[in-house]
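Given below, in the form of C-alpha cells, are the structures.
You will see subunit A twice below: alongside subunit B first, and alongside subunit C after that.
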Partner chain A sequence: MRLRLVLRGREPRWLVVLLIAIAVVIVFAVTAGPIRLAGANPRAAYQRYLITPLTSFTSFTEVLLASTPLLFTGLAVAIAFRAGYWNIGGEGQFLAGATGAVATGFAFPGLPAALAIPAGLLGGVVAGMLWGVVPAWLRATWGIDEVVTTLLLNPVALLGVQALVTGPWRNSQTGFAVSDSLAPGYALPTVIPDSSVHLGFPLAVLLAALIWIVMSRTVTGLRVRAVGLSPDAAAFSGIGVRKVHFGAALISAGIAGLGGAVQVLGVTHQLTPQVSDSYGYTGIVVATLGGLSALGVLLVGLLLGNITVGAQNASLALQLPPQMGQIISSSLLLAVVGMLVFRRYRIVRAPRDTAHQGGAE
Partner chain B sequence: MNLPLWAMVTAMLTTATPLVFGALGELVTERAGVLNLGIEGTMYAGAFVGVLVAGSSGSVWIGLLAALVTGVLAGLFVGVFTVTLGVNQHVAGIGTTLLLIASCNFASRLLYGGGSVPQVPKFSQLLPDVPVASQYLLTYLAFLIVAPAMFVLLRSTGFGLRVRAVGDNPEAADAAGISVARTRYAALGLGGMLMAAGGAFITLAMLGTFTLNITNGRGWVCIALVIFARWRVIPAVLGGLLFAAVDALQLQLVITPQFAGIPQQLMSALPYLVVIGALVVAGRSLRYPGAYLKPYRRT
Partner chain C sequence: MNDPVQPAPGPGGPVSGGPGSGGQGSGSEPIAPLIELVGIRKSFGDLVVNDGVDLAVDHGQVHALLGENGAGKTTLMRILYGLTRFDDGAIRVDGAPVRIASPADAIAAGIGMVTQHFSLVGTMTVAENVMLSGVGLGRVDRAGAVAAVTAAADRLGVAIDPGARIDRLSVGEQQRVEIVKALARECRLLILDEPTAVLVPQDVEALFGAIRRLTADGLGVLFISHKLGEVSRISDRVSVLRRGRIAGSVPAAGIEPRALAEMMVGRPTVGVRRTDRPAPLTAARDGSADGVGAEVEADLVAARGVDVGTAAGPDAAGERPAGTAAPQRLRPPALRLRELGLSGGTARGRDLLTDLNLVVQPGEIVGMAGVSGNGQSELVQLLSGLRRPSRGTVEVNGIDVTGASPQRMIAAGLGRITEDRHASVVPGLTVEQNLVLEDAATFRRGPFLDSGAVRRHASALIERFNIKAAPTDPIGALSGGNMQKVLLARALAREPVALVASQPTRGLDVGAAEFVHTQLLQRRAAGGGLLLVSEDLDELLALSDRIVVIYAGRIVGDLTIEQADPRTLGLLMTGQRLDEGEVA
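What follows is the complex of A and B.
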C-alpha cells in the first residue's frame, strides 16, 4: 500500500490545535528516552521545564529575563523571513550589536543615564545594521545568496568579539578575556521590583506591538508580505522587490543588534564572547514557531524563556544536562512544522495506477 | 619573508579534506533539489559519534563506520521533512542542525561530564616523513577516490542522471518513471554520509578527541563552496583547497614577526571572508538547480 499527500478541500479550524497537540506529544515521546538515560524521570523533568518556572514570583521574573533576547532575535528573523529574505545571521548581528553598545559606552563614559541608554541602544542598532548591510547589499545588487553570506558572518563576528576582548578591550583589572564594565549610567533600570527584569523586556513587547501594527495595518506591511508570498507577483504589481528585501534585511539586522545592546546594558554590562547563548539561531526557532507574526514571537519567546529557566533548574535539581532545553526547542520546531503540513494536506492511499506513472516504479 | 611552502601545502591538503567531503555531500543533495542546511549538525554528529564509538570499541575504523551510518540517518531524517512532508528547507535544515548539535552536546555532557573528552584511537599519517604526501588515508580517499567517483557518478551513471533530473525538473522526471522521492532520499543519504565523513575526519584524524563547537562553521563554508562551484564537482574541490590555502597562510602569518600586531582571531576570520569574496566574484547570475528549495508533489 502506498500513501500520498493530497490537498484538503477545506481547513477545519480545530485542526491546527490538534496538530500542535500531536507535535507536543511527539516531542515528549522522543525526549523521554534521553531523559531516562540521564537518570531522571521524564515526568519530573517536564514538570521542571514547563510548570516549575511559573510557580514562584522569582522564577517567573527569570522567565521574562531569559525570554528578552529571544524576543529581539525572534522579531528580527520574523521580519526578514516575512519578506522572503533568509537572514540567518542573527547571531552575528546580535554580537555586533553588543559590541556597538560597549563601544558607545567606552566612547562616552560620562553621559547621564537619560542620554547614555538611548546612545548605547542606538550604537547596538547601528552596529547590527552594519553587520547585516553587506549581505543585504550583495543580495540586492548581484543576487548573491544571503543564506550563505549571513551564515558565514556569524563565526566572523564571534572571532571579532574574541579579538577585542583579548586585545584592546581586555579587562584592565583582572586581565580576563572580557571587557571592562560600562559606566553605571549605561545600566538599564529594572522594571519589576526585587527582580532582574530590566527595561529591555517592555521594550521588546513594545517593539512587537509596533511591528504587528506595521505588518497588519499599513501599506508598508502589505508590501513586505506581498514580496514574501510571491516576489514575481509583487514585482508585477509595481513593488520594488529589491528595495523591500534590502529594507527588511536592514531592519532585521538592526533589531538583532538592538537585542545584543539590550543584553549588554541590561544583563552583562560588559562585552564577553558568551554574551549570546545562540540567541541568533534560537531566534529562527522562535520566529518560525511563532508563525512569523509579532504576537506569535511574543508567545513562543516566553515559552522558550520558560524552558530555558526550567532547563537550568532541572540541571541543578535532576543533574540533567542543560542542553536538554535546546533539544526540546529544536525538536518542537521540527515536530510542529512537520505536523502543520497536515493542515493543508491529508494522507490518502495512492491509487495503484495513475495516468503519468511509468513502468519503472 | 620566508614561508615554509611545503609544510603549508601539506597543511592545506589536510585542512581541505573535511571541506571536500562536506561540499561533495552538499553538492549531491542540492543537485537533487534539496538545500540541506543540516550539514553543520551532520558534520558535528559525525565528529562526535566517530569519537564515541572509536573510544568504546577501541577501533578507529568502527568509529568511522558508525559516523558514516549516523550521516546516512541524518540525511534521511532531513528527507522526512523536505521530501515526504515538503516543509520549508531552510527551517528543516536549521532545525536539524540545532537538534543534532544539542543532542551531541547533551550526550557528551552525560558521558564525559563537564571535563574534556579522553583521547581515542586515531588514524595515523601515511608516509610520515615525505613532505606533502604525509597525509591521512581519508585525505587520499577524498581527493583520489571520492571526488573523481562523484564526478563520474553525477555525469555518467543512471543514478547521477536521475539525481540531476529530479533536481532540475521533477515533473518531467516523474513522467519518465523516475521516483522523485526515492532519488532524493538516496541523494540525501549519500550526501549525509559524506558530510559525516568530513566531521569524523576532524576528530578521528586531525585531533583524536572531541571538543565543543568542533565544526566551527565548516558546514556553512561547504554550502558556500557548493554555490561558488556552481554545483560542479571539480570547482567545489578547488574551492575547498582555496579556503584551506588561506587558512594555512593565516596560520603562518600569525607566527611571522611582521604580522605580530594583527590579532590572531582576525587572521582566523580571513578564510571566511575570502570565501564570501569568492562568492561575490563567482556567485553572480547563477543558474540554480531548477527545483532548488521546491518540494515535489504530484498534482
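What follows is the complex of A and C.
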C-alpha cells in the first residue's frame, strides 16, 4: 500500500481553517523542543509570544507599530505575486523608499506638515518605483527572470544607503553613520494618544482595503488575477500579459517604497542602514501566509507584529534568545505552506498491485 | 484479428523489401518472437488509448508501427519501456512473460528506446553520456565506457569519437549516440520513435544503413512512423494502429502505400452527419466552386504580387451565374489568408508556414487535414493573435488583422477554439469569470465589474450550451467535455463571422463530441465561416465543405468534399504526390 495525492474537485470552506489549525499544532510540536533546550517552559513561552502582547494597552500599540512596515511590504509582495510577477526585491525598494523620503526632506526642509508629509511619502513611492523599474523593464522586454534581478538589487540598495550615510549624508553633529534628522514638519502624527502608533498604520489598512476592492471587484483585478493564474490563457483572451506584469511590478515597488517612507517619517526620522529590519523579506512571508489576499496580509501582518513584540517580551522575561521569535514565524511559514497543498490535493491510499497510473503522466 | 505470433521474415518474402536484412535473421527457426505484446489495454479515465493490442517483433526484424497521431502509438511505446503501466495484457520476451514496471525493468529485459527528444547532456562527452546511463555507486569506469562506445559504433558501422562533446554534434550524430547508449546496455529490441522526424535526408540514409547492420546481427527494431515511404523501404513487417487497435499487420514486401493509408485513416464513423449532403450542398451554395474561385483568386495575388482585395469580390461575383448564392458573394470572405508565412527556428531551418493562401466563405466549413506538427498549431496561434506572421496578411470579414492583438481579432469577428483547452481558460477562475474574460470591459459598471450582468450572461450560456456546472464553479474542476462547452460558448456567444476550431473534439466522449459538431454546423447554417483544423479525418469528412491538406507548412491539396476520401487524404498527409488523374 502507498499514499498518493489526487486533485480535489472542489474545496470545502472549512478546509483552510482546519489546515491552518493543523499547521499551528505542528509549529508548537516542532518548536517546543528548542524552547525547552533554551531553558524555558514552552507553554509559558507561547503565552508570552501570542497572548501577552495583546493584554496591555502599551504592548498592543507596539504590535500595531511593529506590524505597520510588514503590512506595506506584505501588500507589495501580494500584489506582484498575484499578477505572477515574482518581486523578491521588496527589501531594496523599501530602502530606496526610505532614501527617497529623506532626500525629499533634505531638498525641501521648510515645508509645512500638510505639504511635507505628502511630499515625503510621494518621494518614497517614486524612489521605490525607480528601484523596481529596471527589473520590470528587463522582464517585459527581454524576458529576464525578475526573481534574480530584484533579489540582487537588494544588497545594492543597502550598500547605497551605507554609502550615503558614511559619505555625503553623514550626521553633521555626531559623525555617526546615520543621516541628519528631518525637519519636524516631516514627522507623521500619532493616531492613538499616549502611543507611538502613527498615521502609517491607518494608511496601511486603507491601502489593504483599496487593494482588496480592486482585486475582487473590478475588471482590472480580474485581468490581473487571470494573468497570475495562467498567463497563456490570459494572453489568449486578449489581455496584455506584459503590461500587467509591468504595471504590477511598478505598483508593488511603489508600495514597498511607500513603506520605507512611512518608516522614516513615522519612526526613525532619519536614514539609517538599519531602517529596514528585513521588512522586505518578511513581507514575502506575510504575503504567502496571507494567501496573497489583502485581508490575509492584514491578519498575518498583525500576527507577525504580535510575535515580534512577544519575542522581545519573552527574551526579557524568560531569557529566551530573540531569534526564537523568528524561528517560530519561519516554522509557521513552512507548516502553513506545506499544509496548503491539501487545499488542492487529497491523499488516497493506492494498493500497489492495482495502481493504474504508475507512469509519469 | 491478426497473427502476430507468426514469424514474418521467413526466408521468402520480406527479403526484397529491405536489402540484406530479413533473410539473415533467425526467421528460419520456429522459435518464439523476441518481444511479444498480448492484448495490451490502457485507458486514461474514460478514454481507451490501447484496446487489446497484439504485436510481435522477431529477431532480426524491422517492424514498423504506423498510425495517426492519437492512435495510441506513443502510449504503447511508453508501456513497453515501462514509463506507463498498462491495465491488462502481457509482455513476453522470448516467449517468457516479463514484468515491466519501470525503464529499469525494460532495460533489464533488453529493450532500448530512442525518442525524438534526446536525453543527452550537452556539455558532456559521448563516453560520459554513455557512462551516465549505467552509473551506480562505486568507481566510474571511463575506459570501459570508451570501449563500449567504440564497440557499439563498430556494430553500427559509423565512426563516433567517444571524446566528442555532445553539443558539438549534429542532430543525426546525437541520435547515433542515443542508439549507442541503448546498445551499450545490451539491448536486443530497439524502439525508434519517429527517428527520421528530426533528420536531414543524408542522415536518414545513415540511420537506415545502421538499422540494417543491427538487424543482421539479430537485433529487433520497432520503428514508429507515419511516413509511408520510409516505412516501406526499411521495414520487414508493418502493423497499423488505429484508435488503439491493430487495424492490420502485413509483410512489407510489395506493400501498397494506398492500402496502408486507408488502414491508417479508416472509414467515416462519426455520429453527426450533415443533413444537407449530398444534394443541397452543390445546389444551394456550390461550395466546391467557391473553393476553386478562391484558388484562382489566390493564384492571381501570387502572380501579380498586388493587392486585389477590393476587386476580387465583385469580379468573382460577376463571373458566376446569378443564383441563390449570389447575395452571399457580396459579403467579404469570413477569413482570408494571403501569402501567409512564418519563419521558424526549427532545426531543419525551414519555415514553419510557407505561402498559405486560403479563403473561407461565410456559411462554409473548410477542413484542414494534416499530421500534427506540420504547421497547424502555428497557424492557429497566428490566427489567435498569439504570434505575428513573418509575411502575408490575414483578413477577417474584410478587415485586415495581420499581426493584430487577440482583442482586435475578436472585435473583427473571429472566434477561436484551440486544441489546448488548458491554455485557453484560466483554471483557477470560475466558469462565469472565464466566460467574460475576453470582453470583461463590456461588463463594467462604473469602476466595478458588474457581477449581476456577469452572472446573467453565464447562466444564459450555461443553459444554452447545456454546460453541467454552476457559474461559480472553478473551471479547472470541470470535465473535458464541459470545459470545451464553456470555450465553445465563449467563442460562439459573439456570433463570430469566422471561427477557427482546432481539434475541437479531441479527448471528448462521443456525446460531447456530437454536441460540439452540432454547434459547429449551426454556426455554419447561421452564415459563419469555419476553419476546422483536425487530425480526425472522420470528423473532417463529416463536417467540411472543402478539405485542404497541410504538409510541412504548405497547403499541398485543396479538395472538394466529393474528391476527398480517406485514401487520397492519407496520401497527401503523408507527403505523397497524387498520381496523374487521381484528383481531377
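Operating definition for what follows: the second predicted complex is superposed on the first by the 348 of 361 C-alpha atoms of A that agree within 3 Å, B and C clash if a C-alpha of one lies under 4 Å from a C-alpha of the other, contacts with A are read in each partner's own complex, and residues count from 1 in each chain.
Please note the rule applied: a residue touches a chain if its C-beta (ideal position, glycine included) is under 8 Å from a C-beta of that chain, and two chains touch if they have at least 3 such contacts.
None of the values given here were measured: they were computed from a predicted structure.
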Scan A:324 for contacts with subunit B and subunit C and give back first, second, both or neither. first
In the overlay, answer first, second, both or neither for which of subunit B and subunit C A:154 touches. first
Going by the contact rule set out at the top, does A:233 touch subunit B (first), subunit C (second), both, or neither? second
Does subunit B (first) or subunit C (second) touch A:337, or do both, or does neither? first
First (subunit B), second (subunit C), both or neither touched by A:288: first
Contacts of A:222 with subunit B and subunit C, given as first, second, both or neither: second
If you tally the residues of subunit A touched by each partner, is the higher count for subunit B or for subunit C? B
Using the superposition on chain A described above, determine whether A:86 touches subunit B (first), subunit C (second), both, or neither. first
Which parts of subunit A are in contact with subunit B and also with subunit C? 356-361
Residue set of subunit A touching subunit B in the complex reads 4-5, 34, 37-38, 86, 88, 138, 142-145, 147-149, 151-156, 159-160, 162-163, 166-167, 281-282, 284-285, 288, 321, 323-324, 326-327, 329-331, 333-334, 337-338, 340-341, 345, 354, 356-361
Contact residues on subunit C for subunit A in the complex? 44, 78, 83-85, 87, 101, 384-386, 405-407, 409-410, 416, 418, 422-429, 433, 436-438, 440-441, 443-444, 447-449, 451, 473-474, 477
Give every residue of subunit B touching subunit A within the complex, in rising order. 35, 37, 80-81, 85-88, 90-92, 94-96, 98-99, 101-103, 105-107, 109-110, 174-179, 216-217, 220-221, 223-224, 227, 263-266, 268-269, 272-273, 275-276, 279-280, 283-286, 297-298
Complex contacts: residues of subunit A adjacent to subunit C: 9-10, 217-219, 221-223, 225-226, 229-230, 232-240, 355-361
